[in-house]
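Shared between the two complexes below is chain A, which pairs with chain B and chain C, respectively.
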Partner chain A sequence: MKFDTVIIGGGLAGLVAGISLQRKGQNTAIVSTGQNALHFFSGSFESLQEAPPEMHSLFEEAGIRLHYREGVRLMPLGTFRPSCLSLEDISLFPSEKFARKVLVVNFMGYHDFFSSFLAEGLEKQGMQCRIRFLNLPELEKLEQSPSEMRSVQIARTMDRIWEKVVQEVRILLKDEDAVLLPQVFGLQDTSVPGRIKQGIPAQVVFCGTLPPSVPGIRTQMLLKRRYEVLGGTYLMGDEALEAHVHDGVVHSIRTKNLDSHYLEGSHFILASGGFFSKGLRSNPFSIYEPVFGLDVEYNPDRNAWYDKAFAADQPYMGYGVKTDAQLHALADGIPLKNLYAIGSILGQTHPELGSAAGLAIRSALEVSAQIKK
Partner chain B sequence: MKLQEITQSKYNFEECMKCTVCTAYCPVLQVNPLYPGPKQAGPDGERLRLKDPYFFNYALKYCLNCKRCEVACPSGVNVADLIQAARIKYEKTPPKLRDQILASTDFMGKLARPFAPIVNGVTSLGITKTALDVTLKIDRQRTFPKYSPSSFEGWLGRREKEQAAFPEKVAYFHGCYVNYNYPKLGKDLVKVLNALGVGVELLDKEKCCGIAMITNGMSSKAAKNAAVNVASIRKAVAEKGLKVVTTSSTCSLTLRDEYPHLLGVDNADVRDSILIATRFIFEKLEKGAQLKFRPDYHKKIAYHTPCHMERMGWGVFSEKLLRMIPGVEFTLLDSACCGIAGTYGFKKENYEASQAIGAPLFEQIRSVNPDVVACDCETCKWQIEMSTGYPVANPISILADALEPEK
Partner chain C sequence: MNANEFDVIIIGGGITGAGTQRDCAMRGLRTLLVERSDIATGATGRNHGLLHSGARYAVNDPESARECIEENMILRRIAAHCIDETDGLFITLPEDDLAYQARFVEACKNAGIAAEVIDPAEARRLEPAVNPELIGAVKVPDGSVDPFRLCAANMLDAKLHGGQVRLYTEVTGFIREGNTLKGIHTRNLQSGEEADYYAPLIVNAGGIWGHHIAEMAGVQIGMYPAKGALLIFAHRVNNVVINRCRKPSNADILVPGDTVCVIGTTSTHIPFEECDNVAVTPDEVNLLITEGVKLAPSLSSTRILRAYAGVRPLVSADNDPTGRNISRGIVCLDHEERDGLKGLITITGGKLMTYRLMAETATDLVCKKLGVDKACETATTPLPGSEESSYEAVAQKIWETPSTAQKAMASRLGTRASRIRTDNPYDRALICECEEVSVGEINAAIERMDVSTLTDLRRRTRIGMGTCQGEFCACRAASLLAKAHACVEKERADLADFLNERWKGNYPISWGDTLREAEYTQWVYKHVLGL
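Our next item is the complex of A and B:
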């Protein structure tokens, strides 16, 4: 099968590159080995000081609204982090003390939202907190299998009964000027978070839960749908196994599902992610890129890959494939003419800086512009 | 790299990093709180079961075997295989009479075919449905597939010489549905392949692929069928140099993947030669073969990717073929399970869940309002037709319909 551009990796970087190229009239395919890091997405593009010009309209057309405000956002354990460009339902505050009194609301039996940590964190910033649990009969069904009382399962129910939550919160609300809710709203119906905000007479803040991330899955679904509406071919659950390269030019790739039916392309984009997504792999002796065998920037001394202090900055998170200034990936020191690397496989993503989403968007749009130059 | 290959666990279950992505895509978990979910039923449960079979949970029977957890898994864990393999290994209760009947598509077809008009009449009667509901727990709200009075094998057998005259040939694994219920699909395939200059022949011996037996606790019987089928396929591939095509996504997946993964029947030498017909046809066209379509053809088509087609990653071939037909207005439906999962939705205890799983898909079909829904799976067809009222056709039948009639 022939395409203008074949993209390996169907996460944020791959989807944004794919949509951008389809918008410019290209015929592209995305090969995605299972689902991706968007399922752990906070909802903020933290390393982006401003949205690249194409980003707003690209997201808008997919049905994803963004907002921009320099400030901080609330983290799931009650701390704050500087942030500016975010999904519309992620609250951004000018400073940490965003309210006087906060009502923290959780659901009975839901353990993936840390209400007491949150309250502790907010109290440190001088906000008084009261924690209340909602006992909704609609969620009792979920409680039958406690291990499966997760964000996404609750969110599916909430798409139907969110008005009930608004009513219950209104009853609970006393003199608080803010309400904190777990981020389990608007999985399918994207208007829900906004309508909840309208329905409650206080500042409503949605705060992250343990994965999967509801805003992240929503973003994934909307971007994928948009990509397919634009005529893109999304090969879900397939895996690029090897590439056919001659004279520094990639001709085709072989995938697990299509096997002898190669995917041919004029351009190739490698957006296969970092270690989590197996874009980068390691064995006891080396760190390598499995599809093209690209050059990887890393310290040959294995002991230097990681820091024994678990929470410390882990050096391996910074490792990535080598590229030239136009993001052409290097093999044996020489850039492959029609292969670009984007997103987390470039390395330099540090979770504690929240830089992955910004890197994905920037590099994806940069490469899309290169290809259509 | 070697080290990692040597230490790979069965079904790759140790690769599970507990990310919970699979649980977000399990259709059963969304509607049935009794099901522990793919993570718990698969890799998490496996660790416990390996310690002590006591930890086997009978709620694993609620798994649809749709494989969507495997498609979603970022770590390459064969979650659904783990679950089905655990059921095969640990389920000690013999299958109920109802499950045996539902799973024996081949046997029931042979039995019903000679009396097709009577059987079809009787199974559509309200009183029969009530009786089956009460006695066997087959849900009364289901519409039963109709039986055909003449088999596909008989029809193709009568055309053996004509088909042998074509310069190129393929062997066709037609499956129970084409043989006993809907020979028209097989005839449509013959029409399309003949138009490409390809003749169609039967396998030496074909048995039901066995998927319904695997999911209904009759895996030893399924393994016997598998051995017969693989031997016949091997003969066609090795001796005659033929490709083997199917028109059912589930038959394809079973022949290619369930045999080695769940039944221990080795098919490594022939696996690559088993293709769904739309892939075979797409590849012919890509190499320059041509089909002539009716100039006046116009249809609004919405394509539903069946779960097992999604797992094989081959929906793209059906999609591209349909898009190729001039006059087709094409919509790709969101990839979602229709809820029937073969025999699953026929069971009284699953009926409600089955319809709830399919609801978003049915809603999308209604909003697209197509002339026809295209789909490569026979049980999806029953489910979508019954639940939405829209006609459903295999892409092969749509191709056959759009071809210019021979002069």
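Our next item is the complex of A and C:
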């Protein structure tokens, strides 16, 4: 099977690169293991404020609305972080004290939304809080099974009964000028968060839960749908195993499902992620890139990989595949002419491209532009 | 009698202290136990969790071997819910001297340990994970024991007999009249509150920290801190304990426990200053892996879950401050007789296996001094939760058709599982999915088992001990603790401490899946949840 570009990795970086190339008329394929960082996406594009011009229209066409305002956003454990470019349903406030009184609404038996931490965090900023638990018969089926009360399962139910939540919140609402709800709305129907905001006569704020992240899964779904509408081939649940490289040029890759039907391409993009997504692997002696055997920038002393403080910046998170300035990946010190690395597999080797979601977007768009040059 | 007056005060909340308190309380004494940290934070919770048959000591330390096998049989009866009767193998590898086996078996027989030489092929059938190259094998009655559960059950029984427990309470000094100790000055390390307690007898059961306790009272015990490092693997690779049949050495015991297995140990003399914060070094990790793979080759491809280390409270013989002739035997010091200091007894040396005998020895001395004539019953009275021998039978009696989560709970709590609320879905909801710990069990532990922090909760319920190392359950459980203690702010700091403590056991082995899990956890807490 031959494509203009073969992309390894179906997370944010891989999908954005794929859509961008399809928009420019290329025929591409994405090989995705199904496991990527969008599953724990906060909904905010770290290290981005304004969307690059192409990103804005690309997301708009996929049905994903973005916004930015200078200020702060509320984190699930009740702390605040500086704003960055965010999905429309992530609230951004000019300052921490975004309301006078806040009604924090949780579901009975739901432990993945930290209402007491949130209330304490808001009270610290001078907002009065009242926590109330909704007891919805529709969630009873989930409650019966001890591990079913999780974000995605609740979100599936909420797609059906969100109007009931609006009614219940309206009944509970006294003189509060803001309502805080868990981010379990609009998994399939993206209009739901907006309609909830219209239905409740107070400022409605959605705040994150333990992963999986509902906005992250929704984003993944919408981008994938858009990619396929544009004619891209998304190979779900497949995995790149090895590459065939001659004279500094990648000819094809072999995948787990397609086996001897090699995926050939004029260009290849490696967007297979960091350690979690298995783009980078490690053993006691080395950190390596498993598909192409690319050069990885890391400290050979394994005791230098970590900081002993859990919360410190961890050196291993900065490690990544080595590239040249155009993001061609290096093998044995020599750039492969038609292989590019994007997203978290770069670690912090290109600080000018930002980190996390910002890095994914910037590097994906830059490589897409290179390929179409 | 004043509320601050007791018959006996026990210093130390490890297994020795808890066992001594139980024994004293069962003999009708009014007891107080003080511990400056949580239960089982020293050597008690930092070992293999091996229910020794005594075979390991048979050749070199026959007295310890005999004590081990006797206590082994007693613990099977009184602590059923803390014990897994796995049996054990002592294997001889091609690089070992097979002649040692005969000497070993003879010594076991002399100590009263049922040691049976079996064919290597039989050993491979009994334990498929064993190194197939073995040239000899001996079967012995080893097992595994959960030291946290054992310690908690002893303390619980002491409380059921009227004992009082003060955790996070440090002894800051002794109340003294001439050559007699009358009581202790204490300070609560969480609230800062100071209090004095009085008793005619004080038992020093502080493990390696007992050295300083004795010093504070003006007497010397020559303790010898020996650090031992261990690794936990994420699967239960073996179902039978695997030992090397040779003179005790590094990393030659592999013990299955719950869903994991543990390889250890090393032995390094360390200064007293390091006892509070022992870290596992890269060399120790390498040694444990290299030697462990010789016992069970599949360990080389098994994920390592954690690295940890403990400090053995060894005691030098009285006239041997160099530490050359150190036995694992029990040391009970009557400081009145030894040093002319009335009111203080030190119980130390020994090991997890012989804790009950240590407690009996100390309590006998306490009773003698107080003129109490009551026999010890701890060898025959089951610990709370251990009234039935099979947790599956327990689970079936309580729920008829128990779920896997209910069975897991019965295996942790024994018959006490019947007290956990499971009648409504909110109590059944799982907080920790790896270990299947429910809201009901966590709330019960918080209510009844002196839980201040998430780490305390882990020692009593196993939350955060599974493959995810607390990734998801930590913040869920933190919400429950915040509610129970009505303080979110403290809980926020506690959550950070808990994650730091989990990371401490992960970073020495941070590669492969451990690094993968760590990246996920660190990213989620920092950038997604905003801790």
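Please note the rule applied: the second predicted complex is superposed on the first by the 366 of 373 C-alpha atoms of A that agree within 3 Å, B and C clash if a C-alpha of one lies under 4 Å from a C-alpha of the other, contacts with A are read in each partner's own complex, and residues count from 1 in each chain.
By our rule, contacts are C-beta pairs under 8 Å (C-beta built on N, C-alpha and C of every residue); 3 or more make two chains touch, one makes a residue touch a chain.
Note that this is a predicted model, so its numbers are computed, not measured.
Colleague: For A:Asn257, using the defined touch cut-off, is the partner it touches chain B, chain C, both, or neither? Pick first, second, both or neither.
Modeller: After superposing on A, A:Asn257 lies in contact with chain B but is clear of chain C.
Colleague: In the overlaid three-chain picture, which partner chain does A:Phe276 touch, first (chain B) or second (chain C), both, or neither?
Modeller: both
Colleague: Is A:Ala356 contacted by the first partner chain B, the second partner chain C, both or neither?
Modeller: A:Ala356 contacts chain C only, not chain B.
Colleague: According to the stated criteria, A:Glu120 is in contact with first (chain B), second (chain C), both, or neither; which is it?
Modeller: In the superposed model, A:Glu120 contacts chain C only, not chain B.
Colleague: I'd like to know which partner A:Met75 touches here: chain B for first, chain C for second, both or neither.
Modeller: second
Colleague: Taking the superposition as given, does A:Phe310 touch the first partner, chain B, the second, chain C, both, or neither?
Modeller: A:Phe310 sits against chain C, while chain B stays out of touch.
Colleague: A:Arg302 in the overlay: touching chain B, chain C, both, or neither? Say first, second, both or neither.
Modeller: second
Colleague: Which partner, chain B or chain C, touches the larger number of chain A residues?
Modeller: Partner touching more chain A residues in the overlay: C.
Colleague: In the superposed arrangement, which partner chain does A:Gly109 touch: chain B (first), chain C (second), both, or neither?
Modeller: It touches chain C, and chain B stays clear.
Colleague: Tell me which partner A:Ser83 touches in the superposition: chain B (first), chain C (second), both or neither.
Modeller: neither
Colleague: Across the two complexes, what residues of chain A are contacted by chain B and by chain C?
Modeller: 40, 144, 147, 211, 276, 278, 283-284
Colleague: For chain B, which residues count as touching chain A in their complex?
Modeller: 1, 3-4, 17, 19-21, 23-25, 29-30, 33-37, 39-40, 70-76, 272, 279, 283, 286, 310-314, 316, 319-320, 332, 334-335, 360
Colleague: Give the list of chain A residues in touch with chain C in this complex.
Modeller: Listed in rising order, the residues of chain A that touch chain C are 37, 40-42, 46, 75-81, 108-109, 111-112, 114-117, 119-120, 140, 143-144, 146-147, 149, 208, 210-211, 213, 274-276, 278, 281-284, 302-303, 305-306, 308-311, 314, 316-317, 356.
Colleague: Within the complex, which stretch of chain C touches chain A?
Modeller: The contact residues of chain C facing chain A are 282, 286, 289, 403, 405, 425-426, 428-431, 433, 438-439, 472, 475-476, 478-480, 482-483, 488-489, 491-492, 496, 499-500, 502-504, 507, 510-512, 515-516, 518-520, 522-531.
Colleague: Any idea which chain A residues touch chain B in the complex?
Modeller: Residue list for chain A touching chain B: 1, 33-36, 39-40, 141-142, 144-145, 147-148, 150, 152-153, 156, 188, 211-212, 217, 225, 228, 233, 235-239, 255-261, 276-278, 283-284.
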